[in-house]
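Which chain is which? They are A, B, C and D, in the order written, and residues in each are numbered from 1.
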């Protein structure tokens, strides 16, 4: 089934409990902190529904293309295409759009045996997600505070990190906190799990399961919503529509039926389900494609800013623009390479080249800050020349002065301000600040990304290069 | 005379015309966009008045120490001390505090002959500033748009950049736009001039003069004021009090009496007054000291953040902290070096070592983004775990959950959130975004800073090192 | 025809004039400055001859695969494969191996119309090269000194840069200097041309032609040959065999028959032949593949060095190794992407994706120094602990001490020294120093590479991203 | 006593055992691998002797200024001056010139109580060094291999790292290897100790003592000496004279009398003697000053290279030069700052500001590679245009061609080649490669330098900045 946008919005009016500080949100689809974000998500559903290239048929039913378990390179391309379409709509500013966690689950459904006794649950959950066109997000990290369980035990306090507190025939009961459910406010279900290694003894925390956002006992604690603080669409066009939100997930005795449990009492497996299946790779291929769309917005803005002052005629600026274009193309090439050198894995399926995917992920994590910094250099101090807001156009005298004095040979005053405000929303607003922070951690801290790269590297092959070379000569004769 | 803080606030209620978009501000000292910024400025005056070390006596009158024309190293140290005191109050977040432009003018008053026929004006203006304890700011750049005067002439439009449109016995009449009067909202007077080279033909634009902020025909067009958008002091403690504001200065037939004119019809001199006097060096020594105070806040935050999660016990994190401390000390050393190797210039006076000052300026411009980026790495994703705002403490149930689940062994929930919010206001808020942009341009684009360094470098000495070495050997004999 | 290695060596004994300083080299295949380099080149010919996958058949003849004008993706892959095979043999240390300039000429032969009246010459030269299995190199830059022709004219001196000094029925006569004929000592022919834009008036310098290395009047002035200074293969295994050499080409009244002239008296065309044909892209795809082979040696060395001291068990070192692997994979992905998104250009042919190729080139140019620097960090001071040379093994007492004291739990003393010496030859020897310099300039200075990227970028598409976004909202209503 | 240069050379003919591979060196002052290095060291002694400003008098005797225990800022300045004079002679290329270890010992002699029972030995050794004008070097690191003592014990092999193997009334007997005695070939005595922390159980390795280079049982194993491989002074002017050499020190049952033992059987103290006295700071202040002299050569070369092609007229190149000058001035300022903010420590003495010293050390360690890389960019490919060697001037025909074709409007051919060869010896020769490696490790790996910075930082002060700020506001009222 392919949901429409309005169906998706309707599905969010489900009694979910969302807090902004102490304010309880009644309806996320109409609340001024979330309504435009919700619409952006809904638009994805409408786009998908309208373009058959973004879905596929299986057993007579149609599913969103990000649920496709690829058996051919064409299938992989189809996956890349839907990620591109979604990322293009949001300019790469939605890290956890509906295609992210769905790709994880789809990848896992290609190798469900890994789940041992829970493999049927996983398969059924995959069927459920695609059939209902579920928007799933995840909360797969313990709260920062949870590193020191003894502290809590000594003081007789609840350990904050989410864990199973009871098991019975119906299922498990979970309590505690999990972070960081980006997009949860706009989603249907939350995948709860552990992307980082657990200690072997953290058995109760190893639970991996799915819960509806409106499940009794679930509350979402939103970080400051930036959309609410955007004075207008003109001032903050990106904040206005693309604040995907982040929430802490708090569970108080939430009951999860067995059929939604995928790992239990197995600290090693809790992590391995992602990397022993294409789950992690499918999910993070979306991250690569998403970042690429952002690069295109960045390159476009860089060039438009240069044109706004005529700086595009300056050789040194053209070199800078050429470099921006080279960076965009580098990532584009790394994505294409993942298709070209796709892996036959697991048996009968295709996976994007994992080493290339992690290489691209590392590149994104390493490069984002300095790319934005280069855009800052191009932008210069011009942004601070702009009036506080565009209401200057509502006063006849100010309007006339503004249009006269703020225009350039290249651009009218309003268009110039519009361009600068857009750029600022990518560079300098609080929304931009969150992206600068988050691009460092979307895929885990940089050392985590590099550890993935380490794990997948063919070390024997690399050693052989050196050994073969050294094997051809010895100690020279006396 | 040393003004009190309340006297300074009173002086700002002078009928000045300030726009926030189309809104005309009645009183900057009470308006929610500016009141706390105004108080921060006033606090500087109170602090100065209370500590005799921050002022000096000449001819029986007391003046703020930043008006001191240094004749000894002790005098220079006194200057450095007042900059440190002011920067410590504002953690280096006020780039154009009252000691910045005053230092320019003081430096110029040490070599007034450079001003040729206007030298008496300059000396009198210096006397006026220090006697009235004037808070002066400057607008010394043309609007970005003004690079192409032909465009305007062909279309019969006013060229936007400020220029003299009339001269008579009383003085000059100026019209046009000048950027970027940081702090003007809180200041008494604006120094108008040209810090960048003009074309030799830009005679009418070469005017350098001082105008009161409330002069008839002067309007300030503020960029978006961040203070107004800070939900509370707890959420944005820095935005709340240290938004120094930026404004475009618009002049419509503003009359400037001859006694306030310092350069006229001399495109070369308009620029040289800053660098042929200690003006530029005195002013930018303040920039060095200001940045150093910011470094101390950064190092303190880095360490507190590490302590908040116990990460300070991790060797790799200690190395990072050691590096932060090394960066702070590097700048501290560069400032101390300016005193140690002070110059005897101009005759009878002392100036900070100019090469060292520009070296420090280059270091700040080059390093700021990556220093903040290193702080981002330390902060991690923890900031997004925090509730949207501290109102969670106003609801009994939420308060209890928050205090229980958000605490760490190292820190209570409220203290932790307070620390993260403070860090975020330096890293991720819009106020932070403006600083990331502005530190690149406070002293002009990086190439401008390096050109200053080029100009002051002893190239003959450097060449001699090479020549002497090469002079000791020749072509080997056959 | 596919030459054997010994045939190629034989072809180098042709009377060519090569100078090392004032020493005239009799036979480059036996001279201690060049003999091992010559053998490395010969080995490429033997490898090619032995593996049918590295050649192709056309009209009943077999040619080296780098002469293949690709009509399908499989053809392109075949090209990539031979580059990989050659680069693997030399670990990416031969920038101008026989597949480099051949690829240029092959690319040009896919669109010979660009050559206007000389198109038949170009086609015939391509036939000649592949039929004779010619090793061609190029000299396509003016000497640095030649920027200021007036200087020479005023002083009545010959302008140094190569130019046509006479034309007659037989052809053109050329005189002057051209740089930098890397590999020429080991090659058969030199392509002379202009890779950088000429002034429109530099008509006589615009000559593009091919000359045999042993043509009367041609002399090669070699830079210091490093092979000669390598004490032994054990000390400098890379210098020993992979010094590809660089030479200035000096022509004194060299006669070039018309059939070997490809551009004459056309300053614009002289440059455009490379970029209006796949020449530049085919040639520099080889550069990408070559660098990738070097990356594999680097990653292998990094890991072996870490293992030599047991540092590979340290998490921070594993992260560093993971990053090295990610960099290797990033370039691998960028190369694969060039195949995946190959272009249908020119009509009937296939070309590697040009934007991706330039992106990879930019990545290599930007990254090489810091990659080697990271390897330096890993290597530490251990290299300087090694004895001056391996002759310590020739003295019984020293041998015993060396084997006892220099071993580690991980590695015997000799193996350890062998590994460190190899690494040093990539990092610290003069051969390494030349690579550090040359990787910055192999494809021209970084601004040149970025200008290529600028030229090929789809700016309208990038602008459209911004325009479409800005088109969806306007000034908010009053 | 102040030794003359020839006295110093004479002192090196003392029967010392130095190996180059298996070659035993008879006389380091005449051997082609060391003779010019020896002369450079001797020249330092002659310079010192000739300039009274470089020595001081105490109790009627004259001593080299680097033995001065500073009691005033003027004393500190005198120390800085002699470092500058020595570094200027060698352009900062001698890391372990005679003023390095002497400064360590002098610093230790300012707080000898730290040495507990051995304090008199230390004082007497200081007296001995300055009275005999001893050139001391040090070997204060264990061999890399020594990290895993169990390996050796299990296999019944001698543990490689130097240790006491016997104690008796006369003193201790030491056996084993210590690294890395830079300069030892040219020195009189070797300080043996432990600059890195030992495990508390490494009692026998904790020995700290001084041994003459010619002590029975001491052998020096030199790394490859670069001087020997320099074809001529013209080709490698820096290698020719400034290869300070590195050696492994091998001790076989070397007897050290008690009066030359400074630490024994105390693993903690072995390290603390450097940092609980001004030893480490005095020694590394020399490192700062030394690097500064190198910066001056670099800046001079950068400018000369730009002038050699006329590139100094290009604005972008001037910016680059301005940046080089800013870097040189930054370090100059950091050195001056260490004097300005000197510490009163230990009681009655003066020490350079330690935090600033470590900040400068960190700056040097972090910056060297990228500074040299920037010089590479400036140099371009021009170096490879040069003939293999200057013997072209010995052949009339080649000489004429060389002078004609290699000259530029700015520079004659020989002068141009001379300049490029000099630059190459700083950037690309093997000597340069060793410097690129060594600047990373002269003061220990970067994390070690940062740990010093961490140790000396006033964390409470930094925390107070944050705490005071956070103390001024709380949770806003409901």
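Going forward, contacts are C-beta pairs under 8 Å (C-beta built on N, C-alpha and C of every residue); 3 or more make two chains touch, one makes a residue touch a chain.
Note that the structure is predicted; figures quoted are calculated from it, not measured.
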item: From the options B-D, A-C or A-B, the pair that copies C-D, where over half of the contact pairs coincide; value: A-B
item: Identity of the chain that, by mean CA position, is farthest from chain C; value: B
item: Centroid spacing, where centroids are CA-atom means, of chain B and chain D in whole angstrom; value: 40
item: Cα-centroid distance, chain B relative to chain C, in whole angstrom; value: 50
item: Shared interface positions of chain B, touching two or more other chains; value: 390, 394
item: Pairs of chains in contact (touch as defined earlier), listed by label; value: A-B, A-C, B-D, C-D
item: Chain B contact footprint on chain D (complex, rising order); value: 88, 91, 232-234, 237, 296-297, 299-301, 303-304, 315, 318-323, 325-330, 332-341, 353, 355-356, 358-360, 362-363, 390, 393-394, 414, 418-419, 422, 447, 449-457, 459, 461-466, 469-470, 473-476, 478
item: In the complex, chain C residues that touch chain D; value: 19-23, 141, 143-145, 147-148, 151, 157-158, 160, 176-177, 179-180, 221-225, 229, 231, 235, 246, 248, 250, 309-310, 369, 373, 376-377, 379-392, 394-395, 398, 401, 404-409, 424, 427-430, 432-434, 436-438, 440-441, 445-446
